[in-house]
Amino acid sequence: MVYLTRREHFNAAHKLYNHSWSREKNEEVFGKCANENWHGHNYELLVTVKGNPDPDTGFLFDVKRLSNIIREHATEKLDHKNLNVDVEFMEGQMCSTENLAIAIWKQIEPHIPSPVKLHCIKLYETPRIYVEYFGE
Amino acid sequence: MVYLTRREHFNAAHKLYNHSWSREKNEEVFGKCANENWHGHNYELLVTVKGNPDPDTGFLFDVKRLSNIIREHATEKLDHKNLNVDVEFMEGQMCSTENLAIAIWKQIEPHIPSPVKLHCIKLYETPRIYVEYFGE
Amino acid sequence: MVYLTRREHFNAAHKLYNHSWSREKNEEVFGKCANENWHGHNYELLVTVKGNPDPDTGFLFDVKRLSNIIREHATEKLDHKNLNVDVEFMEGQMCSTENLAIAIWKQIEPHIPSPVKLHCIKLYETPRIYVEYFGE
Amino acid sequence: MVYLTRREHFNAAHKLYNHSWSREKNEEVFGKCANENWHGHNYELLVTVKGNPDPDTGFLFDVKRLSNIIREHATEKLDHKNLNVDVEFMEGQMCSTENLAIAIWKQIEPHIPSPVKLHCIKLYETPRIYVEYFGE
Amino acid sequence: MVYLTRREHFNAAHKLYNHSWSREKNEEVFGKCANENWHGHNYELLVTVKGNPDPDTGFLFDVKRLSNIIREHATEKLDHKNLNVDVEFMEGQMCSTENLAIAIWKQIEPHIPSPVKLHCIKLYETPRIYVEYFGE
Amino acid sequence: MVYLTRREHFNAAHKLYNHSWSREKNEEVFGKCANENWHGHNYELLVTVKGNPDPDTGFLFDVKRLSNIIREHATEKLDHKNLNVDVEFMEGQMCSTENLAIAIWKQIEPHIPSPVKLHCIKLYETPRIYVEYFGE
């Protein structure tokens, strides 16, 4: 079993705002992240798959193909977008990095062909804050 | 003459949109950066000052004080903000990284006390794109 | 279950010296690290917690609060300090990065409120050497 | 149980080419990586060992000794070499990063003295692509 | 005057070998870099242009267009290639990083349209070694 | 004219303390940096030389030889040392990063053989603070 990771990035705007709460409560809980005019990040996304290398190619999975899957199902839907407004698969959810990592797992996982398996979504919100999700 | 650099960061949303142009022209020129719902970045800001070290301290300039000047006059006005909407000193300007670097120079320069001089504003929009401005 | 990591840093001096050994044995075992006049590092500390995101906030744990816990119980007691002399919670221990990571776990773990759990302390001694501790 | 990681690097040339296939099939599967005149990488290698710190030294394992083991059995046999041609322990295998990580495990593992155990080989092919192998 | 930098990368194989010298002299001067079976690098290329931002766009130069110029005239001719064998514009020259930086300047400079000017080619051979060329 | 840079590192302890001042004034001016029990850093040192590449080698200067000069005259005298106590060439000076950069210039400059010239000493005290010195 070998683990292969590909790193991609995207830029996006978001805010953290729970519409069932008052504005005061939002500001108290989310601080600057509740700024009504949005703020944004350069997200760095690391996708890890696992499996056994193919003896003919030495590859666990073609990294170009992995990159294409990530771009088609995740980063192209997120890059230069507003996470709260433009991204169908985040609808009805708080746009935290935690929820975004779980949502990216759900976007990518069905496209990783057996017997290769998706292992981890790691998502940097800033160079000093990141979230990991292993599918359960 | 020695050069001292302090690195700070801030997150912000923006879009590139020239209101004297049609929506079509904006999309043609700015591509994804014209997304009406904003997008954002983790900006990294490097501020360089120059001068001669003080024999008593060995310091060109106290780096904590430099950090405070940058925070008070630049990053606190930019962090978790929308550059097009929330930032007074960007009013009436296109929110490109070029213009933002020049505007940050103008914010910080008056607060660097003589004989120390501001030398450079270096601003990373992403880890692969940055702008430098030397004041002229 | 999601994992959230926050990175912080501190600078400190230390030496590696076992007082129950001769100076010769210390120099033989620890080499330059036994220098009696101390040496030091820029340590980078990554603290990972795990749990389930709160549906109201989308947060596993407020990252600002995590940062405050790390600062209050670890980095403020370590930054610009001498690990062998100034740090109560390292008393009587060799100041290796291994022992420091375990000690930081013990400092931080009691302050992570259930049901969130501390998962990992990762401590960089230099950009090319790091230690991880998972609590057992 | 503590985990200690040491990072080393080496530069090498390689190509991905399966000699039991036609040139066309190689180009179709491996793209630019099949270039008959080779291409190359700055590989970054992270070796992680695990065990309990020695009470006398505070060390899990002397990091200088770990570095020497990595250099003697892996990086000196790989640095400034052609992986397909010059490296005995890659003979008869496709020179993918996956296979190289597994081969480096086999080179290093016998030299880590009990009770310390080799835990992981992590190998960066580029700053955005890496492979991990845990020995099984 | 503002300076704008775009970072790109490419992987390539090369060797350092002066054919007017004996093999012994090549090994004495170039050490491991003279390995006849090639070695390689992940090169990181930073291209800096300078000029005044356009008031309508806020851009000194469209960074996407800069990226396309770099790719068309430099990195696509270098990526996954052998610098000594495959690259027309390095023919007859020693494939040092110094000469490669100068050659990349000559490739890119004619395609930067006036009044914008090419300012610097910065080329990392490894994360710890780089060369800069300013055109004269 | 081409510029070639080599990056090296060293770890050291220091404190900032002016013995002609009271302890109170030292603490007021230098804050945590005046801690009498020392603190320390992982310094990263970048040395840049300039000149014309040799047509026979393509090298401005052999980077291995540059590395040896830096190690012999700077980093070996600094690594795992106490800058205030152990380093002859810092005697009688405040151990600021500014002064250390100037002192390293004086150590290295006489050993760069004409016509190659030393161009810059760049010294990182932390990943977010650095000093540059160009010899005048």
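The letters A, B, C, D, E and F name the chains in turn, as written, and every chain counts its residues from 1.
The criterion applied here is as follows: contacts are C-beta pairs under 8 Å (C-beta built on N, C-alpha and C of every residue); 3 or more make two chains touch, one makes a residue touch a chain.
Bear in mind that the values here come from a model prediction, so they are computed numbers and not experimental data.
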item	value
Chains touching both subunit D and subunit E	none
Shortest path length from subunit A to subunit D (each step joins two touching chains)	1
Homomeric contact subunit A-subunit B: same or different residue positions, threshold half	same
Label of the chain whose CA centroid is most distant from the centroid of subunit A	F
Centroid distance [mean C-alpha coordinates] between subunit C and subunit A, Å	29
For subunit B paired with subunit D, centre-to-centre distance based on mean C-alpha positions, whole Å	41
Residues within subunit C bordering two or more other chains	31, 127
Chains grouped in pairs wherever the two touch, ordered by label	A-B, A-C, A-D, B-E, B-F, C-D, C-F, D-E, E-F
Subunit C residues touching subunit F - in the complex, by the definition given at the top	9, 11-14, 31-33, 35, 37-42, 79-82, 85-86, 126-127
Sites on subunit E touched by subunit F in the complex	16, 18, 20-21, 29-31, 93-99, 101-102, 127-134, 136
Touch list for subunit F against partner subunit E, complex	1-8, 48, 53, 55-60, 62-64
